[in-house]
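Some structures are shown below for you to check.
What follows is a pair of complexes built around subunit A, which joins subunit B in one and subunit C in the other.
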Partner chain A sequence: MKFKTFAAFIGPSVFMMLLFIAFPLVSVFQQSFYITQPIYELVDVETCTPGFLTQTCVTETQSMPTLDEHGEIITQTEFVGLQSYRNVLELGRAWEALSAGSWTAFQSIDFWKALRFTLSFTLITLPLVICAGLGIAVMINNATKAVRGPVIFISLLPFIITPVIGALSINWLFRGDGILTAALEWYLQRDIAMFAQAWTIEILMMFYRVWHVAPFAAIVFYAGLQTVNQDSLESAIIDGASRWQRLKYIIIPHLMPLIVFISMIHLMDSYRVFEEIVGFSSQGHVISLQWLTYDFLVPDQAGNRSISRASASAMLTMIGIALLLVPLLRRTWRDHHGGH
Partner chain B sequence: MSARALQQPLPLRVTSNAFLALWCLIAAFPIFWIMVQSFKTPVDAYDSNALNVILGPETLARGHGMSVLQILLGLGAVWLTIRLASRTLPAFVRGSLEGGLQWFGWIIGSTVLGIGSVLALFGLVPWISEILNPFLGPLGTDVLGLTTEHYKTVWIERGFFRNFQNSLLITAGVVTISLSVGTLAGYGLARSGSKLAFWILIVALIFRALPHSVLVAGYLPVFINSSEWLAPILGENAPTLYGKPFAVIAVLVAINQPFTIWMLRSFFQNIPAELDEAARVDGCSHFQAFRRVIMPVMWPGVITTGLFSFLLAYNDFLVTSLLLDAQNQTMVPAIAGMFNRETTTTDQVVAVAAAVSITAPLFFLVMVFQRQIVSGLTAGAVKG
Partner chain C sequence: MKLKTLLAAGVVAMSSTAAFAGCAIENSVPLKSLSAGFEAWKAVTDAMGECGNFEASLDQEFREKQPEAFAADPSLYHIGGVANATMIPLLNAGSIRPLDDLVAKYGQNLTPNQLIKVDGKVMAVAMMVNAQHMMYRADILEDLGIAQPTTWGEVLAAAEKIKAAGVVEYPLGGTFKTGWNLGEEFVNMYLGEGGTFIGEGNMPTINNAQGVAALETMKAMTAYMDPEYLVSDSTYVQQQFQQGKIAMANLWASRAAAMDDEAESQVVGKVVMAAAPNGSAAPASSLWWDGIVFASNMSDEEADAAFQVAMEGIDSEMVSANNDAAVWLIKGYTPGKLATGAAATAANGALPYPASGPMGIMHTELGNGIADYLNGAKDAATTLADIEAAYMTAAKEAGLVQ
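Showing the complex of A and B:
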């Protein structure tokens, strides 16, 4: 294919990716070093209250945003270097808390709290998703042909459901005296409040994520199971391998590329954990890195969005993404240069 | 080799099937439960006894109920919908329509079926049973408490219909544009073995991993101030991009692009290159070969990719909630606003009904397109 035709084919797509992905990325990087604020000026304000004989007047100096001739607030953008990063990281406070050995104080800083949750969420759900997916795939494969279709249909439901709604539907089962909280209370004979402390919410969030992603893993593994070499399975049986040994030495090595694939996708996706926070309304107890950026972007009561702090926290989130991507890129690189 | 040696002992099979049943229960229960709750009065919906939630005595006492006949008719309608959606419609579309027309077949077929089943369930079944109930004695008396009042509240009083229209507009825009841009790029990338194509794919992979909030942090200031910096180009009427559906469509298309081109590329690679070579020998240009020879055999891949674009746009919360104003809000962010202010239990059940309304089209989608979704999930993966 000539370069010109190639360019014509990929042109629109590359243009959109440059305009809406690459360009915002550069501008976020730049924004994180600048801060835009209204210009304040000191104004002498005289307030008078009616009094006996004469009015009582008090003159005080207030700082007010400067207005231009249209009555709009004048803003100015200035270079602040790493100030926004410092505001997000709060290194001083973090160091103080750590040197005092107080984990609670350390975890009261939003960024470190979000980082702690995001990492533990990612690392704990990963093995669970792989195991659940593998288990479901093997079970579907064991089942008779007639039930496979309906089972796959039901399995697809948690995967396809809108993440916020999926999280909400599990939230509602436990919220207040939801049906499962009631069942647990009846079973344990004690009062339970699932949303009063962080760790129960985290368990529910992880459960939701596994519930949501395991079907995807299961279907990919199930497709992989169809291509297992039957001859090697037969020779293993002749050699007297037990079921468990066959699974361990033939099936799992055969599925290994798929396991790596699912792990990569899952690491990328669960590092971006966000919808769970919204669905479980857990921002009071648990937050994630992406939620932190989102929160800076949502206008506060005065209608201001802290864009520069959001940019700084976004850039810090990117560091994690870069670390996650290195093994994935190395693998793609190897495949491309080894395979072709 | 005999199949007997591979046959599993009975206890193993029983355990395996039992666990599979357990998984199906776990997978379906939360969705089933919100569906049941959405049809009950608040007292029943939040009863701690599961049986009361399902049977709904309080709802029944208020005069909203279904008779045995109505239940049977309703189940019949549901069964018929499932049957039509999972068997008849796919078979019909695949059997009698060719290539490009399949598109319209799928869209029109599923829309008609969707509207038809809603009408049958909420219109036809109550109407028939109202006529027949008095003649049937015990079969005609109400036994199961069910009410549709929360759906009426959501869709009519709370203006959810507007959000639905916005969702429809945005998903339709995203699917159409991202497929037309993506098929071109996917084809180009699949047929070119150049270094550049490889690098574009790598960069797309990096872009796929970016958290969406990072990108939105880049759009927000630009979009909010767009009337200022667009003024020199567009003059007085320069639009503020913030809050405009078309801006969100463009953003979602771009976010979706890396995934779309990877998936379409793997589908295009399955089509033998001899096919376009033959067309080229017959005197087609690259573009003609693409349009007349490759596209007609590509429709399954395009439909599958379209489904995933649809899901991305339909399910999105982050981008739409930050870049759209309240007036143009889509369904998912709207429901988040709804449950945040839920104060009474009635409000809660209304929010549940809204959640079920969002889920219903997805449920329907899985029924019709199960095969395509499975093939899409495995397309990228099995080839590594």
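Showing the complex of A and C:
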């Protein structure tokens, strides 16, 4: 293909990528080193608010932002280096807690609390998603042709449901005396509160994530299963290989590139776990890195938001994903080069 | 039978005439409003709509949209609905206008109590107040011979008796959902202990004996509450009440009407509205108001029209049609039995919510930080110290603390 044709094809896509991904990323990166604040002045203000019958008036000194002649708030932007990163990481407190040997104190620092959950969530759901996905794929593959369509449709359903809605419905099934909690209580003859402690919420979240993502893995694996060399399988059967041995020595090695692919997608996705936190409203017990960024970004009632810390936290999340992907990327790199 | 039908038809006819006659003026300027979406705002904006050329946005996320929308020139909305705290960003940005001349011109029906003054200038017109106050199941407390509790000590004692009697699933309900709700519970308790949040130079002042006392009361409450308290918001507590699962709760006045809603509630007529229990210094509650503001960035003609339409929205006709939708501050309101709780709380000297820029940050940090104490991860003093530290980080970033 001529370079000109190639460029015409790829140009719009590159432009969009630059505009909507690269530039915002650069901007976030830059903002994480700067702080923008209004310039406040102290003013004595008398404020009157209604009581039920009469007003109460108080006079107090308040910080009011100064306005320019157009009525806009005057702001100043200042380079602060790594200050926002330090504010997010709170290394001093973390080190103090660790050297005192107190895991509880360490886990009460937002970033490390979020990192602990995010990592365990990612690493525990990863093998579960792959196993469940493979299981479903094998099941579909072994189903007779007549029912294969409906089976594929049903197993894809969880993946189609909007994540927040899915998380909310699990929440309602288990919350308070939700149907499933009531059923469990009846079966175990004891009172159960799924949302009263962190570990039960974490289990529900992981269960939800696996339920939600496994169909995607399954459909990819199912596609892979169609290309397994039937001759090798037949000869394995003739050699007396059991079903398990065939899976282990022929099918899984064949699917390995797909398993790596699914793992990468899953690591990237679940390291950004967010819908579960919102859907289960678990902030009191469990938070994730992505939720932390969101929390910095949401303005409070008085309109303050922490853009700089949000930027820093977003950059840290990206670095975390990159680190997690390194082993898998190295593997693909090696395979790629070994093949040539 | 025939007479009844006739009467019914007559009532319908009359009410529809009333609707047509709902607005005294004919509005010709296109106007828009943005406010929260609860019942009272619906009633008020419907009444404004009767004047014509008016479009209302009722949006629970209004507070995230309002600052930007009002800062635009011309402003995207003419009329805004705010509460104590949500007025702060608009006030800070100078995007709402002083109303003194408009009040003088068209505000004959307003009471002085309704005029929200900042630095001597009227900046908003309040229409209703809201506060968390005690609601309890009169039948249960009467059966057990418990008098109406007036302090948190008495509430906890009553809860102990109710728990021992085992008549409801959980004696107490609480809006303890992590975030804004939990922060608000602490604000109430801490005001009840006589504490202040922000001191000189916007420094935090919560790490003290009053703060510890407030936290300890909250922790004592959790022993009598649904163990899933950290996820229960006002709606959840309201439903627990309606389903007869709890016996007492310090709940919002705006939720009172739901207790007697026969379509939803199984405890119609059994819930009594009482004053918020006292802490050691004051009622453990904070007074909120909801009111109307007007954008700076619109022409004076538009402001004139907007103000007149708004006055039609909060007139006595609207109130008499929606008497129980809120605790109105408007002339013509007759406080019913649902309003007694809020009225008694205010009469006992409950303080207004101390809304300000720094307080917004403080509220957020409280809402995020208190769960650690209730979960048992930290003791009270450490929790308060950590919240102060988090406040300092955020306040420095916002430029409020040097």
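Convention: the second predicted complex is superposed on the first by the 294 of 340 C-alpha atoms of A that agree within 3 Å, B and C clash if a C-alpha of one lies under 4 Å from a C-alpha of the other, contacts with A are read in each partner's own complex, and residues count from 1 in each chain.
By definition in this document, a contact is a pair of C-beta atoms (placed from the backbone, for glycine too) under 8 Å apart; a residue touches a chain by one contact, two chains touch by 3 or more.
Since the structure is predicted, the reported quantities are computational estimates derived from the model, not experimental observations.
Of the two partner chains placed around the shared chain by superposition, subunit B is the only one that A:R272 touches, whereas subunit C remains out of contact. By the touch criterion stated above, A:F195 is placed in contact with subunit C alone, subunit B being left untouched.
Between subunit B and subunit C, B touches the greater number of residues of subunit A. In the overlay built on the shared chain, the residue A:G240 is in contact with neither subunit B nor subunit C.
In the superposed model, A:G92 makes contact with neither subunit B nor subunit C. When both complexes are overlaid on chain A, the residue A:D300 reaches subunit C alone and has no touch with subunit B. Applying the stated contact rule after C-alpha superposition, one finds that A:S281 touches each of subunit B and subunit C. In the superposition on chain A, contact of A:G101 is made with neither subunit B nor subunit C.
Contact with subunit B, but none with subunit C, is seen for A:F261 once the two complexes are overlaid on the shared chain.
On subunit A, the surface touched by subunit B in one complex and the surface touched by subunit C in the other have residues 176, 281, 298 in common.
Those residues of subunit A that touch subunit B in the shared complex are 1, 3, 5-6, 8-10, 12-14, 16-17, 19-25, 27-28, 31, 36, 135-136, 138-140, 142-143, 149, 151-158, 160-166, 168-170, 172-173, 176-179, 182-183, 186, 211, 215-216, 219-220, 223-224, 227, 230, 233-234, 237, 243, 257-258, 261-262, 268, 271-272, 274-275, 278, 281, 289-290, 293-294, 296-298, 305, 307, 310-311, 314-315, 317-318, 321, 324-325, 328-329, 332-333, 335-336, 340.
Of all residues in subunit A, those touching subunit C in their complex are 35, 37-40, 43, 45-57, 61-65, 67, 71-73, 84, 87, 104-105, 107-108, 110, 175-176, 193-196, 198, 280-285, 295, 298-304, 306, 308-309. Interface of subunit C with subunit A (complex): residues 63-64, 67, 71, 84-86, 88-89, 92-95, 112-120, 126, 129, 177-180, 182, 200, 202, 226-231, 236, 287, 289, 296, 327, 329, 342-343, 346-347, 351-352, 355-361, 363-364, 368, 371-372, 374-375, 377-378, 386, 393-394, 397-400.
Contact residues on subunit B toward subunit A in their complex (touch as defined above): 1, 5-6, 8, 12-13, 16-17, 19-20, 23-24, 26-28, 30-31, 33-34, 37, 46, 48, 50, 53, 86, 181-182, 184-185, 187-189, 191-194, 196-198, 200, 202-222, 250-251, 253-255, 257-258, 261, 286-287, 290, 311, 314-315, 317-318, 322, 332, 335-336, 339-340, 348, 352, 355, 358-359, 362-363, 365-367, 370, 373-374, 377-378, 381-382, 384.
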